[in-house]
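The structure is given below, and queries will be raised subsequently.
Chain nomenclature is as follows: A, B, C and D, assigned in order of appearance, with residue numbering initiated at 1 for each chain independently.
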Amino acid sequence: MSDSDNKTSFGAYGGQYVPEALMPALEELEDAYERYVLENEDGFMDDFRARMREFGGRPTPLQRADRLSERYDCEVYLKREDLVHGGAHKLNNALGQVLLAKYMGKERIIAETGAGQHGTATAMAAAHLEMPCEIYMGRTDVNRQRPNVYRMRMNGAAVNPVDTGRGTLKEAINATLRDWSKSVETTHYVIGSVVGPHPFPKMVRDFQSVIGTEAREQIREQAGRLPDSVLACAGGGSNTMGAFHAFVGDEDVGLYAVEAGGSTLEIDEERGVAPNSATLSTGTDGVLHGAMTKLLQSGDGQIMESHSVSAGLDYAGVGPELSYLVDIGRVTPVSVDDEAALDAFHRLSRLEGIIPALESSHALGYLERAAGPAADDASGQRPRAEEHENLGDLVVVNVSGRGDKDLETVLEETEKRDLEAAPDVEVFDR
Amino acid sequence: MSDSDNKTSFGAYGGQYVPEALMPALEELEDAYERYVLENEDGFMDDFRARMREFGGRPTPLQRADRLSERYDCEVYLKREDLVHGGAHKLNNALGQVLLAKYMGKERIIAETGAGQHGTATAMAAAHLEMPCEIYMGRTDVNRQRPNVYRMRMNGAAVNPVDTGRGTLKEAINATLRDWSKSVETTHYVIGSVVGPHPFPKMVRDFQSVIGTEAREQIREQAGRLPDSVLACAGGGSNTMGAFHAFVGDEDVGLYAVEAGGSTLEIDEERGVAPNSATLSTGTDGVLHGAMTKLLQSGDGQIMESHSVSAGLDYAGVGPELSYLVDIGRVTPVSVDDEAALDAFHRLSRLEGIIPALESSHALGYLERAAGPAADDASGQRPRAEEHENLGDLVVVNVSGRGDKDLETVLEETEKRDLEAAPDVEVFDR
Amino acid sequence: MTTDSDIERAIRENHPALIAYITAGDPTLEETAEYVEALDRGGADLIELGLPFSEPIAEGPTIQAAINRSLEAGTTPDSFFELVDDLDVEAPLLVMTYYNMILQYGSEPAVEPFVERAADAGLAGIIVPDLPAEESEPLREACEDHGLDLVFIVAPTTDGERLETIMSQVSGFAYVQARLGTTGARADVSGATHDSLTRLSEYDVPKAVGFGVSEGDHAAEIVEAGADGVIVGSALVDLIAEKEGPATALEAKAEELKAGARRGAEDVPEPEQP
Amino acid sequence: MTTDSDIERAIRENHPALIAYITAGDPTLEETAEYVEALDRGGADLIELGLPFSEPIAEGPTIQAAINRSLEAGTTPDSFFELVDDLDVEAPLLVMTYYNMILQYGSEPAVEPFVERAADAGLAGIIVPDLPAEESEPLREACEDHGLDLVFIVAPTTDGERLETIMSQVSGFAYVQARLGTTGARADVSGATHDSLTRLSEYDVPKAVGFGVSEGDHAAEIVEAGADGVIVGSALVDLIAEKEGPATALEAKAEELKAGARRGAEDVPEPEQP
């Protein structure tokens, strides 16, 4: 590991801002992380990799996207995390943590979930490893992500609806932390992204780093060189760090974290609402859920409600390592709004036959904005726009998940808009 | 290819029972099949395999199922076709055929679909290969498989609801054949299983045979020998023949085609309804959709309505090669009913963290019946039941697809029953 | 070609011939008997009776609907043959059905029992829209054994070697499919018809054109293009479905079509007799 | 330990001490002032005022709800400090809040402005439930600079080296968490309390036990087990949420708890003075 940081933090970001009761568990986890993950004690990482291969379906392909390459006048490769068991990169982390909990002798798994992707991944991993599992999920999310609730139940996990607040991800994390405060001796909390107190951000990153490690090898083999840039959407940032980690040392590779611009980047201070989740682009430093990082918060320090058409990006915080990498200029934060993400969802579905998660559609939406026909001069010469120039000639986009889960949302949101790439969705008799 | 048959048939099964107008197209297709598929002309098969790797996510893993192995007192391996892009083995065939159509210079793709799995696979393949695509789907199916309709639309395919008859698969096939009769000069009909006139049954089998070819290599590597038996569900039989083909020459490997037993194997002659789809087990020889094969039909020769809780198995015919292999004793036809399939659905979800398609759940249901605790003597010795004995000690089950698409059906059908393996599905506020 | 069959004779003697199709049992077999007689009176020279099959893949919506009505009314092969047993019309009768219906008649899947029964009932020929020449040997042999014609369809796509093969097997007449697609009345005569008739001109066998013929003027045009007969189906089935007292309408329609065919024949030379 | 702080003195002089928590601004800051006075009258020796944070991860449902009410009423750090500016009670006051609230006070993320303002307002100490000893250096230094105590929590899971570290940093008192979990009134005193007090017995610093204390009898039991004080929060917040005229109820509850604590102390020796 080559972290330019001390043990528990990344520059000023990270740390362990949690109730004292949890600290011993974090110490224990840190120890287990170092032994099992970093040092492969008892062949842990071999076991993990074998399971990700046989149960999880790794490696995932790196696919040249022919139509996108043509449209954007550069080589576009897609890292196909949508093909991982469960339909997203989330299993890389969930299986890693549940397996680690097993090696640590824990008896029970808890996790939070927003859209349900991390919850379903955790429930799958827990079933696979015979661990009792409880998932906290905001009441609002339970009601709007019903299929994922069913999937978790079918994998044998209990789903605990959280009734506080707006009933979404933030509240689910709070509730899970509260459970953990009580049950910490026997229970492992499988956090769903590169957030939370140390060692979670590093550990989750390490489990997810297989994305970039594979992609780096694959692109060298398939294109003969490293890419000019790597694009990934960023909610908490686990697919982002997973895709970036292997490339951080390759200084010529541009790393773009694409955040959810929601409806606008402007904040409604009055109501304490950010109509976006563009934490890296617009957030300020603070402490949330155990770590110092960039946040969407009011001047007083109250955490704002965030918003995105994509539930998986709808979070007011972000992984501390990303905050750090943005501050030192290694990662470029950009954002695209709901509309551009929806348009990109339809474009990939139509042009490439891959229905991406709405989260991943943000990364694709940035590609359109930076390199799409409209970005370039309309003259015959097609001189490249600056953003296009920056992306370079060989671009890897991480397709972090598949969009089956998003169909209802996309239909609803598409009806409200006039989108270039959308099919006209006839409504059949009901 | 080692078919013990003449060119267009398998023993008495197969053939080309289609309107004269289609015959030239079948000749043209046969020629293309022989050149491109069998002889790899223009590197067709290399192209196909590369696309299945990068776009489709092949190879799929062969996973040892630890809990099932324990439960059934034998080594159980799962062939994970649920991890193929789109969520089922269907893409193996759809991509092969759309690519072939492209090599043949066709300009348009049509296909039938029942549950929507073949339609979505075809729509994906058509988008990937930039082919205009129209899918015929019975009105009843359109209304009950809405998410798959949306997926097809999002991939840019037109969906044509078929209003005749019961509005299900049979009618959709009829409608597609009618379109093809009109458009045959420019259009390729991507048939969805190993059915229809020659060369479809062979061609589809060849595209699907990657399942068994991979599995055969994988089991030798992972278990050190060939399996004692291979289990696959059989609707039309494409995942079945795909899984079996590589093993047909291995005479010690038992091949079990597991059909949908529906509610009962008994036929309602009065209403012309078979409350099952157990064609191989109970059908009689006849001609349907272009081929001589086993069918569910009345004494007069009218095709019966079939039934299964699993839409993808709900078909009154079956691939002619399977009929042949059953007749010569190489393939053993068995069936499990709706209830056993549902139970197996829940069992795999819970024990292994894999939510299987309801179709695939039939194969798993047979494993439970043949080798489950109830099948063996309850005495301490656990002497094996005969069916268990026949399956042997090393069993491969083809998990032909994932069950996300089946959640609603499973919930509804589970509520009506008292199933051993089902979770209690609390109903949250709506 | 040895001696002319009933069918061939009916075409040659009544040239240009009108061949009428209706679905037996639509809406009941009793009514079918009436309609057959009406068509006979109106001038039909051959009458095709559809024996309904649940999967009529070659039919358009009109005949599909007729087949469904017939099946709902309970038409079976046996009741169909009983109808034919009792019919007494001048025009020779053919049965048009799908191959599985033929195979399943009798206790084992085989073609013989059906053909035997058809011959017994006095049918003159069989048309099977899903039986191409390649698969027809068993049925052809049985038909020969029982003196029935097996009519083959020639499609717009049929060409070269295939055409040779089919034409060498044809008996009765060649059913020239006027256009690609399924059965169904249409408002024009396709260019494909002309092409097909040109391709077939060298074969000495009666050619009847079907698929889409609905009016006297079509019939005229087709015969003018060289056909020996016109086949009309959906247009008649439409009358059965839509009119009150269809028998009268059928008779009148047959008259119109026959007259049209005759009009077309005035401009073409009589075909040579073999 | 140099000279005793206000907080330490308040505990030692009023031994066994009653420490009361309520959420500032629940339901309004005006009412909070009344309640603080009532608690003071009722015998609370120290009063913790919660400054609400939107993500109170250490709180149970009772205090979560109070925090929500306070936020909805518009409580801000500034209005909170203005309340404290104006309060005039005998018991020293502490602020209990989450670390982000401290960091964000002022124009840049930093702890100094908050601590300075807290000292100005006359607060005697700070409790931060999400700030473990490992992350506390900046805040500890600022508190030292401004003469405020920074109270640390000792959990049932705190042991060995961690306990050493924490106890070396404690000022004011050690907040002994009675059980694992979040805040909230419960009907019993846990075994963990006894264990914790035993582990802590060798450290010469006041120990106050909180998390779940709701009745005089609990207070007695806890003090009997060796605590120097009891901390009561959710039970008071409940009164505010449920009673009409909560001030009276709060005063009575404080009296009950203080009496309970005293009862507990009768059986244990007075703690040694340093």
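Please note the rule applied: a contact is a pair of C-beta atoms (placed from the backbone, for glycine too) under 8 Å apart; a residue touches a chain by one contact, two chains touch by 3 or more.
Nothing here was measured: the structure is a model prediction, and the numbers come from that model.
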Suppose you hop from chain A to any chain it touches, then on again the same way; how many hops at least until you reach chain D? 1
Using the contact definition stated above, find the chains touching both chain A and chain B. none
Mind checking the centre-to-centre distance between chain C and chain D? Centres are C-alpha means, answer in whole Å. 98
Distance from chain C to chain B - Cα centre to Cα centre, in angstrom: 38
Euclidean distance of C-alpha centroids - chain B vs chain D, Å: 66
Among the residues of chain D, which ones contact at least 2 other chains? none
What are the touching chain pairs in this one? A-B, A-D, B-C
Once bound in the complex, which stretches of chain A touch chain D? 8, 15-25, 27, 164-165, 170, 174, 177-178, 181-185, 284-290, 295, 297, 299-303
In their shared complex, chain B is touched by residues of chain C numbered 53-58, 60-61, 64, 68, 71, 76-77, 98-105, 109, 129-135, 152-159, 162, 166, 177, 180-182
Report the residues of chain B in contact with chain A in the complex, numbered from low to high. 53-55, 57, 60-64, 67, 80, 82-83, 85, 87, 123-130, 139, 142-143, 146-147, 149-151, 153-156, 161, 346, 349-355, 404, 407, 410-411, 423, 425-426, 428-430
